[in-house]
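My structure is below; once you've seen it, I'll send some questions.
Labels for the chains are A, B, C and D, by order of writing; each one numbers its residues from 1.
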Amino acid sequence: MAEIEGNAVVANALKEQGVQFVFGIVGYPVIELGMAIQTAGIHYIGMRNEQAACYAAQAIGYLTGTPGVCLVVSGPGLIHAFGGMANAQVNCWPLLVIGGSVAQDHEGIGGFQECVPTQVELARPYCKYAARPASIHLIPMHVEKAMRLCKYGRPGVSYLDFPGNLLTTLVPEEAIPKQYLCPEPPLIYPNPRSIEEASRILLGAQRPLVILGKGAAYSKAEREVRELIENTNLPFLATPMGKGVVSDNSTKCVASARSHALQKADVILLVGARLNWILHFGRPPRFDPEVKIIQIDINAEEMHNSIKSAVAIQSDIKPAVAQITDILKAKRFNFGSDKQWWKELKLKCDGNKKGVEALAMDTTPL
Amino acid sequence: MAEIEGNAVVANALKEQGVQFVFGIVGYPVIELGMAIQTAGIHYIGMRNEQAACYAAQAIGYLTGTPGVCLVVSGPGLIHAFGGMANAQVNCWPLLVIGGSVAQDHEGIGGFQECVPTQVELARPYCKYAARPASIHLIPMHVEKAMRLCKYGRPGVSYLDFPGNLLTTLVPEEAIPKQYLCPEPPLIYPNPRSIEEASRILLGAQRPLVILGKGAAYSKAEREVRELIENTNLPFLATPMGKGVVSDNSTKCVASARSHALQKADVILLVGARLNWILHFGRPPRFDPEVKIIQIDINAEEMHNSIKSAVAIQSDIKPAVAQITDILKAKRFNFGSDKQWWKELKLKCDGNKKGVEALAMDTTPL
Amino acid sequence: MAEIEGNAVVANALKEQGVQFVFGIVGYPVIELGMAIQTAGIHYIGMRNEQAACYAAQAIGYLTGTPGVCLVVSGPGLIHAFGGMANAQVNCWPLLVIGGSVAQDHEGIGGFQECVPTQVELARPYCKYAARPASIHLIPMHVEKAMRLCKYGRPGVSYLDFPGNLLTTLVPEEAIPKQYLCPEPPLIYPNPRSIEEASRILLGAQRPLVILGKGAAYSKAEREVRELIENTNLPFLATPMGKGVVSDNSTKCVASARSHALQKADVILLVGARLNWILHFGRPPRFDPEVKIIQIDINAEEMHNSIKSAVAIQSDIKPAVAQITDILKAKRFNFGSDKQWWKELKLKCDGNKKGVEALAMDTTPL
Amino acid sequence: MAEIEGNAVVANALKEQGVQFVFGIVGYPVIELGMAIQTAGIHYIGMRNEQAACYAAQAIGYLTGTPGVCLVVSGPGLIHAFGGMANAQVNCWPLLVIGGSVAQDHEGIGGFQECVPTQVELARPYCKYAARPASIHLIPMHVEKAMRLCKYGRPGVSYLDFPGNLLTTLVPEEAIPKQYLCPEPPLIYPNPRSIEEASRILLGAQRPLVILGKGAAYSKAEREVRELIENTNLPFLATPMGKGVVSDNSTKCVASARSHALQKADVILLVGARLNWILHFGRPPRFDPEVKIIQIDINAEEMHNSIKSAVAIQSDIKPAVAQITDILKAKRFNFGSDKQWWKELKLKCDGNKKGVEALAMDTTPL
């Protein structure tokens, strides 16, 4: 009867849950875990500092929707990853961090790199889910749950803690229960009445603006958003992480008139972006105090933050944008380039572009 | 130029955000706040122990959707409320707790009932939102946000902390900014493909069961759920907090055959209920290992917990149930009382009822 | 080969570490633990609310130096004890709290009264030591450490968490290692140069005052403190918890002139008392801004808090007071009742006593 | 009437409390604070990563007894310092970390690098003291307390949090209260009866060993420890951080026979060292199960950890070692090099040295 070790149970569970990349630094007690991960057919990228490892791992999750894993040793190994974990959590990027920890019979007596409070406690402020599986049999369940929680709803960070003695526990292979593969996250659809209200407001806008945020990128709503922009000729801006959903080279992009567009817009369709410091909190003097915000966000708790939205649409980006586009198309809405608002924006764009070009051509030594 | 005190600013903000009931115990430093709350026209109910005050306040929020407030003094006053806060948070009931705290110039030197860690830190594990407004001007914003966060998404608890010196600060009335009224929470709708898949599974069920949880009650989906039950003749059960959505006296209620119904059902429509300990985690031997669960829940992170659902529908209860009903009606689906499953359930119900009646009539002294 | 259960291992460990009294409320999963505790010969007092149980248990610890135990169930059971734990921790009273918690295979899936964050995390802010023994073999070590940590240095609170499955684990009796009995706490002695400096200041005082705090009571320094007071005729006051170290009936007690004594003293010997809110932070206008404080405290971190002491003596109360007494006796120091300061204090005392007596004799109906 | 800004108040307070070195990375909102620190005459060392800055700053504190300061920006700036803070806290090294944080009117609305939980909460697990001064007037008090707490008792870490708006607040200079300079930490002396007992055990030892830890180094007990070793001819070892208290070149140093010395010693005088993983927890098979440990430590809570000491002496290292030396000298104790134990140790040392030399001379390519 073949036996299996904790290390292999963790590695297999990661593989089964679709993990493709692990970034980390190995050392006691996760050296053998690093090997087991490679044996399981997962790419392992050795780094020099857990800080960088954790920032790297989260980029994979944002780009692909499948969380990368950051693997760290106990104590400082984990703590050095907290910067990356905090970043992923705030950025709403899916990430799974796995930390080795002191053998449990060394707890309370000054074990090697023992943490008090425990590593699970220290990690929790940066996590949606943080746990230590209580036995080898529970590892597949916790790995699936960690993957599920970091991907579902608003994405974020999961942390799993593995004491050294758990990783080296041996049990018969058949003692490890099979765990289901974490299904794709559920999609939520918008309230139709909110979609109608949003469309009504857009139809009446004099100085409309679309702002694309990272939520639009993460939900892979490129097709829907581009169709909206192309069909309506609405001017748009992107936040730094929202770039690429529609090309900055689009004639509808008013990035070169950003300040003016934000300040003068009377209706803003906010697509997966937050009215936080990056968007000046949506407040005067950077925004018109009378601006009507149509907010589309996956997260209820993000609604009406800082200022009150005219319409708050909790939904995945794709169906919400598609439904608005459908209504606007049915109304044959097109915000023509001959509108006063477009003329203003174009003028600002041209002026700003010329200024930048002049600076770029200025060869005067500094 | 009239001046206004912190106490009145807090009381007015609560009133403006729709608070109708405050349960609490006053003492230093919230005596005057208790008075200001009554002056503002809010019902104040004086209690004898913060523990009970907090359990009482949360019931109001669950029953009405408008959070009750629990008002406590510093130190032990707040800590005695943690039992209630934990309960509300786990139960997903909206609740706002307001605590007075030590004057800030007494922090660090052993102030009266000073807490280290601070009260905000101590309260945070039981909260969706916990904050101390940094100045009197920020009070209306934090009160609105606290109300909003405890109601939006999955409901829960907010805590606001008011140092004694903040409550007695005086400023000109016009220095206090107006804050918008927290709008009603957004409604989320189901993914139509999930609704179709759920309907397809229900149509093919041999031993279907509907389980009604507190989510159905909190979303006030009585009309939609009753229509589903009446139109389909599906047998149903309610969790303790899900009772009343459909009357236990309904002929469709199989509460008297609960164990059998759970164990033998091949398809379960789970309506705002969790597969936690109350429902035996949805696992064998209390459930059929092949049971197909159709899960409707407002919270993505609740999906596939403990066992994998066949269909996971993240949605407000009302539209999801209504859409399933529409499809079943269109298919003229009716799960006739002559079905083998109904006969089994009725037999069990009758047997169990007779047993209970016999016990009730047994006048043998114990 | 006889087997032993986790419950008995915990109970035996408590008994071996000298626990005599347990206050608690039993329920799942600590019913059998309550029985095992009684089987082990420990007094068990059943209470009606964990809040009261925890306040009761800590009084035993303060009065006897041997911690009482508070036994609670999971979830609300533990959280209801936090008020008492916070009080014991702030009061520097030794206390051990024992909580049952959810079986570990129910963690993460909504176990009965499961806490997220875990109970150890929730308890930690109120503790010097909080831990969950990882296996039955580690229980005696953690019980000893919990007892040791709550008694050593500045006393406080320990918490131990026992999942239901750990309490019902069975192992051969001889598999449980023997653990040493926690020795009596070490005693620390004062820096002789600080004692000399303190004595020099006392010898030169015009309006000296001794303040007795709970540290003097807890260290059982009655003999040393009474010898100091008797030999020197110094006026003294006690804080509420410092009462009884010297009788309030002593002619040296100036409790009836408290405000005047605090305000006018030029030298204060602070014996195991904190200059926190109870003593008005040692600051004007309740104290002379030029007052010289001689601070005796077991805890380094308590020194110079709020105001700077003239001499800070970190020591157990007994040797520090005895050494000062020895020096003052050698100098034949006696602060005669004919001193101006004594006359003032007596006059104030007499006036205040007369006022109180008049009030007491006033039979006018209210 | 001259005004002073928060930045200058912080810088002046640091200077007044004796801070000489600040390591950090500036950025919003601490750019001006970095300048103010230099204006105040404190050395500022600009680093490239807060991780390294924090490790550097703590080395200063350990070497000089005067804490270095680590200055960081908000959010990731602070979190990157947690590795260093955890290290300093576990190592018992004094360190003060100062972090800028988001302006308070941006709290709750997604301010730049805003942390939820707050920075004070995130930092607290790594700190003895963590606080945010509530107003500019309270800054000098909190700076003194932070310095005091990180130095007093067992040293560790303090964290102070300064919101951007607090740092730019302007008040009249005379509104800032003067704060006393934090006095040198109190010294604690040993219980004379424990010293006698320790001396009695040493006098009877057949295979004695002295182990020097970082506590001996931090307390600057070189003179006392060298006098002990010289007068008694006792063999000694040093932990990695305890090296240099007595030179490794001393003929009494048995570092080359470390394993044998630990395993065979019958009495160990443990001078400011912990029986943690570095010393194999003081347990068999690395130690004799009957070994008698004489433990000298400043911290009561360190006593009897892992194994029970024969004598636990809570004291500063200097007086405890000096008093033992005095007794041993009075008894004319000298553990002669002709003792069997010394012969064993010398034999091991010589053997191990030869082995190492042979390796060093081995020029075979690897």
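By definition in this document, a contact is a pair of C-beta atoms (placed from the backbone, for glycine too) under 8 Å apart; a residue touches a chain by one contact, two chains touch by 3 or more.
Computed from a predicted model, the values in this text were never measured in an experiment.
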item: Farthest-lying chain, centroid of Cα atoms versus that of chain D; value: B
item: Higher-contact pair (C-beta pairs counted), A-D versus B-D; value: A-D
item: Chain centre separation in whole Å, for chain D relative to chain C (CA means); value: 28
item: For chain B paired with chain D, centre-to-centre distance based on mean C-alpha positions, whole Å; value: 49
item: Length of the line joining the C-alpha centres of chain A and chain D, rounded to whole Å; value: 40
item: Multi-partner residues of chain B (each touching 2 or more other chains); value: 109, 117, 121, 145, 305
item: Touch list for chain C against partner chain B, complex; value: 49, 51, 75-76, 79-80, 82-83, 86-87, 106, 109-112, 114-115, 117, 121-122, 125, 274-277, 281, 305-306
item: Footprint of chain D on chain B - complex, ascending; value: 104-105, 107-109, 117-118, 120-121, 124, 131, 134-135, 137-138, 141-142, 145, 163
item: Complex interface listing, chain C residues touching chain D; value: 128, 145, 148-149, 152-153, 180, 182-183, 185-192, 194, 299-301, 303-305, 307-308, 312-315
